[in-house]
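Below, each structure is written out as structure tokens.
You will see two complexes here that share chain A, one where it goes with chain B and one where it goes with chain C.
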Partner chain A sequence: MRDRSLWTWHLAAGLVILVFLGLHMVIMHLEWTIPVSNPAGGEPEDWANVVWRMRSIFFAVTYAVLLGAALYHGFYGLRNVLFELNPGPGLRATINAGLWIVGLGLFGFGAYVALMAPRVAAAMGG
Partner chain B sequence: MESRARSNRLGIWGWLGGGRWGYERYLYALHRLTGLGLLLYLLLHVFVTSARIFGPARWAKAMASVSGPLFTAGEFLVFAAFAFHAVNGIRLGLLELGFAVGRPIEPVYPYATSVGRQRPLAIAAMLIAAVLAIWGGYGFLLER
Partner chain C sequence: MPEPDVKQVRFRVRRFEPGKDVAPRWEEYAIPAPPGMTVLDGLWKVKELHAPTLAWRSSCRMGICGSCAMLINGRARLACNTQIRELGSDVVAIGPLPNFRIIKDLVPDLFPMFETHRDLSPYLVREDPQEQDDPTGEYWQTPHELERYLQFSYCIKCGCCMAACPTVATDPVYAGPMPLSQAQRYNNDSRDGGFARRREVLAGGRGPWRCHFAGECSRVCPKGVDPAKAIQLMKQDLVFDLLRFRVRRAPAKVVDKPSGTKRPDVPAAPPRTAGR
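Right, the complex of A and B next:
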């Protein structure tokens, strides 16, 4: 894929992050002024609130989408910084491969956790 | 044959220093720093929050491992970095699409530069980021 396409995806991922990370930040850190989804009251990281979000398909899907967008956006940004050091072709290929492998691995792990959460919450009686 | 490519002779200062480009160039450096910081936090966050699928005991243990004033201050820095990176990212997106750069004009003395035309947007963006950071920061103070 050419750099122009990668850059366009970088911008698109930024928009996705803006929406879903914005929502995440509101839920986790601005709930004292904008109560969105902490039905049990208390802190957003209290177990009752965590289970409530785990049960939600909306949160499962948006967490996975946010993770994918954030990993792509972050690793593409890191790649740009590293490429400014003017590495040779071999090192460029290694950086590309390394970032894809680490990124896909983290996405696989994180998406699995996010998408398994509703089933786990149901099994726990949440 | 000797390479004509210029090495990164300025080193770290070449990345972080504003030089004669001034204010917007420091925003560029800060955008990079906050981006790399947020990426590092994301990697840790993925593992810490994965504890939720192992039940309440593992969740409580994971939350206990990232509690205390030091982590609260760190979390605030993450929030402030997000506020800056998001608002500055919107500013960069607007500039890339051609907004707020002004129309092309004749180069008549005293010269107006595009950087000068962009300055109000940059200042407004930083004010919004600061308001968001203070808003979130007050929430962190309430949590203590």
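Right, the complex of A and C next:
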């Protein structure tokens, strides 16, 4: 992929992170929004609220998208840091391939966990 | 007539001759410095009094040609444009521009910079080269369109920005602020139609993507050009182009020269030097 596309995705991932971290703050940390975003009442960490989020397809997809955006954003930054060490063309290609493989592997594992959450919640009687 | 206020200053000059010296070394020379003396004048004095083999590049002596860029007291500057007294120190440390191979002493090898510059087509790319060789009229451009690229056209290609750029220091692939700002200068020109050609280079690793906006290029530019701004505008243009948001426009058309309005105070234009 050409550098222009990589950089554009980096920007897009940053925007996604910004929106979803805002959502995280609303759901988990802001006192005046916690009652609205946690229908079971109490704290966001309470079991009933955790299970409610686990059962939600919206949250499962949100977790997967946030994970993808964070991984891409972070690994693109790591790539830039590594490239500042002035590697040769062969090592650059290896770094690119290595980061894609590790990133996709982590995304696959994390997305599987996020998307399986509704089924797990149902199995646990949530 | 009172004696001019002459001070003794010490020039610490980095000397290096590839093939002869193993590594660069510092040499120190004491010279008299009257008010108004520039670093370039000082180098000539050093050459006259102490070091006849000292090498550097210079030409116009008035900040226009860009030849005498060097590292003066830790900052890339033009030697002809820097007065010794302005530096506020009795010691003037002078080295070649960083981020370039040294040819000898204070002479950097600027060839890679100009090669990259050439790859980015730093000229008006149009489909009417005949009009440029043999103009029949003028390319229409409004003052507002002129403003979009004017400040970038003040670049004298001295290489100060390249020497100050931390990304150029760590990435041999990155084109650097001078070629990129000059590519943007032409991309911003309403008479130009070369965006697609430059995009072939700029969308890849040589483009603006590794710039992390340290801003040193703009800080050191002796002509007040803002290459950092050009690079950010270039990123915006290229991303908008990728997302199909960029407004595509045809290069300015040729219009007839104004006629029928006589301005008695304006002398006649000189004879044409191009074409018929």
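Definition applied: the second predicted complex is superposed on the first by the 120 of 126 C-alpha atoms of A that agree within 3 Å, B and C clash if a C-alpha of one lies under 4 Å from a C-alpha of the other, contacts with A are read in each partner's own complex, and residues count from 1 in each chain.
We adopt the following convention: a residue touches a chain if its C-beta (ideal position, glycine included) is under 8 Å from a C-beta of that chain, and two chains touch if they have at least 3 such contacts.
Nothing here was measured: the structure is a model prediction, and the numbers come from that model.
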Worksheet item: More residues of chain A in touch with chain C or with chain B?
Response: B
Worksheet item: With the two structures laid over each other on chain A, which partner does A:Gly103 touch: chain B (first), chain C (second), both, or neither?
Response: neither
Worksheet item: Of the two partner chains, chain B (first) and chain C (second), which one does A:Glu84 touch, if any: first, second, both, or neither?
Response: both
Discussion item. Which partner chains sit in contact with A:Leu71 here, chain B, chain C, both or neither? Use first/second/both/neither.
Written reply: first
Discussion item. Looking at A:Ser5 after the superposition, I want to know if it touches chain B, chain C, both of them or none. Which is it: first, second, both, neither?
Written reply: second
Fill in: Contact residues common to both interfaces of chain A (with chain B and with chain C)
11, 84-86
Item to complete: Spell out the residues on chain C that touch chain A in their complex, using ranges where they run on.
Response: 167, 170-172, 202-205, 207, 209-210, 212, 235, 238-239, 242-243
Discussion item. So in the complex, the part of chain B that touches chain A is made up of which residues?
Written reply: 5, 7-8, 15, 32, 35-36, 38-39, 42-43, 46, 49-50, 52-53, 55-56, 59-60, 63, 75, 79, 82, 86, 89-90, 93, 96, 135-136, 139-140, 142-143
Worksheet item: Where on chain A is chain B touching in the complex?
Response: 11, 14, 17-18, 21-22, 25, 29-33, 43, 45, 47, 50, 54, 67, 70-71, 74-75, 77-78, 81, 84-86, 106, 109-110, 113, 116-117, 120, 124
Worksheet entry | Residues of chain A defined as touching chain C within the complex | 2-8, 11, 80, 83-86
